[in-house]
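First comes the structure, then the notes that go with it.
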């Protein structure tokens, strides 16, 4: 299909189908749509937008149509992305199913697994969470001890996960379990199971931001059918690493700051500066000017990375660089916004501060360089796998 | 003695005895007086200033008078330092004998060694150089291989040193040699010898600044009398470490920038900015403002460090912190001055640029964080000895 | 004077340190916070501060105080910072006490004894915008009878809702942003027309918006000269900035200490996390920043105590540098803790929050460094 | 268009890379420098550049050039940067060629063939102060007969002493710092009254001070509109900034490469220096900076080639980011080399020097980021 024709048609469709409310900038986490069995829509427009996009397969434009995707080429996907950005349209669905599990299932899943799970992910019917981290393992992800014992037709899972994002709101979990205690990396398997199974309980973790997006998750004799194993037995680490690359891509997007193209513009509002005068804090302005350079350059990097990824030209460890750079940038962004916000931004629950929105977002951003592999881990990976630096 | 009386008298003496020329700021390396057998004085005033200060023992105010020092207390030394700074008087003598060897001899030297060497150091009669680094050893100083064989009444020295500051201009060298090849740190001794001895040759190293303050120094069957051993045989590493601490103190002074209290002031001249307008590069101005904060804070730190050192309250590894911080600061200083200087500061040998003074000083400053122990070595020392962090 | 604590000061530090660790540790902050305490600090604890003589550190001996200096006040504040102790010490014992030093004997006699005995706490109402600009005063004071009538708003007033006395900067002449025409007033906390609306901040402290609607004060509520209050205000700000800097050093130092303790113990990949060289270098850099900040703070305190000309410049350096060190300590602290550093169970996040509030108080690093550059003529 | 080089561009890059590594390596720079070459570059090498068609990359096919774009010019410049090749390519093949794109047919016919055959090189004379302020023009152009008479001074003119044609920004109206009243002229290098005084820079290149004392030019020496030259000048600066950014990426990439090679081999304490984690993390950060800069530069080149509105903003980002990456590469490079990095025997210092000159050329990171902030409305 001719690309310019596709662009014209896409633009027209988006303009006709994206509700006006869904073109407003995202103000807080509450504006995101996560779907799932217990989906909560903030407005009819939000639900409508999800349904319309899902019908075309455009929640996952480059997945095959057989699995609920849009079946678009890399070039078409890019055009769609650009047109969505140009319209300022919100993402119709936020989903770990899309950003993490989906790519892994497409690569490692059986045909049955793909047909069962992918379309529900695409339509936002099932909300997924990720069972990777364990207490005491930290950056050494493979040091996990949640056991899955072979009981003939099922695995019996016992153990504990931590940092499970929204485990208390998720319908299913993709989970790393130990199936061979004598091996480290080669004794791990990758399982999918329903969070409504018997023996699962979750406990939210109270964060410094005052929010609790993460849980501790406990498994007590949870039965998981054998057909829910993804990839080979004891080869789950390979699936996990592939998936982590996709997680890093997603997290690296944090640096983009929700389409806000200049931090100085954003800050001017926060600092109550008259529109026609320079930011009257010259040192903050200087920091913002350099930040805007880096943020714009990183937007170009993100475009380049996606293009190279689609073309199979990206270095396999490049997601580590994206994750590192994007998250560090996002932390700086929130630090600068706090500076611009001054004493108002210190308020924790006032109405004027939007319930401490700036402060909570600032504190939340500190986790960016920890979750999904710390910055230190990413730098180790870059040094070893891209730069070829020796180990001692 | 009453400290305020001492201050009054000192001020009066300095005012009466410091020649007007010696109160001008130092413009380049040529303005420093290094003394030595082949001393070169840039002016009669420079020679006079050295003689007058040396007569009172004030080139080394806190050394005992028996060894040519001023015999001042810590408090008096501080007053003298303050009054010299208040007058803007130049240092009368730059000397590795004062800053490095002297303290080591005072602690480890025999009475005969002290009487022979210290007064000549104090009067600037003998210029010393330091024979520590060797090719291939780098930061691992103790990996040295210059051999000193015991030949009864003398040592026979063979080997090569590198980064010997001004070896081609020095009269004597203090030198680390290997006296036991089977040990590493415990097979090193500390020797003094005359650079006019037979078998010594030097070769200047061409640096990126275009200057050659360092040499390669070669020893070919050099005879060193036994009485020139400082400290015990095979215990030279202890002397060396003590001396390195003093070297670091000296190098840390780089960050102070020759009494220039604000980089912004200095830069305004370089940038040809009218005296009544702000630096018209707002981002550079912002960097300078933060630099001025750090530089002023580090001046306070230097004062605190010297006070604590004199009082025996400083952590033994604190010189590493001073060396690290001071040299990193000095590199930033020169980077900012290059920015302020713009295209003029890029000129390498024009008259207007003072023979490329800014560019050469900038390039020279890059060595600050390498010579006398790299920044990385200092950070290792701080982590281990001050912070008590574990080794793997 | 050497640039380290003398023997008396070390005794005082040791006593403040053990008192605070014992009575006012981070657990104390947590319990106040979790109870959503409406005062913002423990009045019981404040009584014990008073018993230790802390509220009178800067009050002259002739007025019944300890007649000590900013070095000593800083000693207490560093321990407050180290333990994240909620306390009106800075606003009352430093801010108001310094302000009253320029007040009429009548005002001093009214408030000094009350502060010394713990009957009164006080605060400063300086800021009107969301960033610190002390010359940006729109709050008006108009002559009214023998006194003045104050109308306007102030923000970010620490303990404003429970203060017995509030030092208010007002405009009696000149334009907003001008330094002439500024007058300082000591206003009763319960004066008619004064409303304080407290807001919980991210560190669980309470700061108020103050509304003054025709608040009437007597002529002798004026501190310093009418229209000529700028210099007095500058002196008060010097004292408060040095105090906030000292507290920041305490925050930074404790944040580093708990982080070092954590990475010495925590193991990953079979070794202590603290054995990784990349973390060691960053920790060593952080240590250096904090040491340099500590030196700058002590220098500023000594110069204030010596009433040295230009000490205000040392204060700018001290607070700006302490802000750099504390924000680095918090950033590195959370990152080096990893995931647990993000949880409310660990203390490191509390240090990050308190550091952020102190950074904003009386001008942040950017503002103060900018001011220093101006004083340096660029 | 995807944001990576297409197949043709990759072929061109490979050919430029092997050509430059073969004929114009760092050894070539050293031999010119050590001979104190008065031209500043090798005319023989330039002839070979011309034979490769490089001087005509940006010249339209209709005018006999290759009719390619900024991406392709950038490919050559990145290799120039990688090899520190002294060359008039940027000033002639990008600067003057872009300027002539807005010139009269007569001017184009005079200079394009000369550039294409290597008979002429050219340069821009833009800066009057020691920092880049393109609107700060005092050099006057007054009407004189049918043409103009130019008087004033320019600085930092690359290859100014050997340029056959110099594009001069002059003031025909308005005040210094105004954007209206600017006119561009193509001036003969050997015009009467034009004096170039070359100065050796720290990277061994030569830049000139230009003095124009009543230099007479014809009316058709004007490029673009009289008084309305600012937009043309902006377009030329966009091209030159993107070009300098590409060269900076080459400098940064090569500086990193030789540093990585060094720390992989060099041993200390019994292990390769490159195995120390603290260095590994810094190297990985440097790699990230360079990758991000490379993306920004390619984006800017593509947008220039697409004549996209607002591409000048992408160019500001590209050069500012490339400057950040290159200066970090040089700093880390010298430090990681240790002592030998300070010696003239090793190449890393040469990269530091060249990076510094390119940083200053057409505006440094500070200046361009400041401009970006202004365009972003703050």
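To keep things simple, chains are lettered A, B, C and D as they appear, and every chain counts its residues starting from 1.
FYI, a contact is a pair of C-beta atoms (placed from the backbone, for glycine too) under 8 Å apart; a residue touches a chain by one contact, two chains touch by 3 or more.
This structure is a prediction, so every number in the text was calculated from the model and none was measured.
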Fill in: Identity of the chain that, by mean CA position, is farthest from chain A
B
Discussion item. Please tell me whether A-C or A-D has the greater number of C-beta pairs in contact.
Written reply: A-D
Response to the item:
The distance between the C-alpha centres of chain B and chain D, rounded to whole Å, is 40
Item to complete: Averaging only over C-alpha atoms, locate the centres of chain C and chain D and give their separation in whole Å.
Response: 52
Worksheet, complete the sentence: Where chain A touches two or more other chains at once, the residues are 282-283, 285-287, 289-290, 376, 379
Fill in: Numbers and ranges of chain C residues touching at least 2 other chains
276-281, 365, 369-370
Response to the item:
chain B partner, complex, touching residues on chain A are 282-283, 285-287, 289-290
Practice prompt. Could you please specify the touching residues of chain B with respect to chain D in the complex?
Written response: 133, 138-140, 143, 162-163, 205-208, 210, 271-272, 281-284, 287, 331, 335, 338-339, 341-350, 356, 359, 363, 366-367, 369-371, 374-376, 379
Practice prompt. In the complex, go through chain C and note every residue touching chain A.
Written response: 127, 129-132, 155-156, 199-204, 207, 266, 268-269, 276, 278-279, 331, 334-335, 338-339, 341-345, 349-350, 352-353, 356-357, 360, 364-367, 369-370
Discussion item. Quick check on the complex: what are the chain D residues that touch chain A?
Written reply: 2-4, 260, 263-264, 271-272, 274-277, 279-281, 283-285, 287-288, 291-296, 298-299, 313-314, 316-318, 320-321, 324, 365, 368-370, 372-373, 376-378
Worksheet item: Contact residues on chain D for chain C in the complex?
Response: 276-278, 280-281
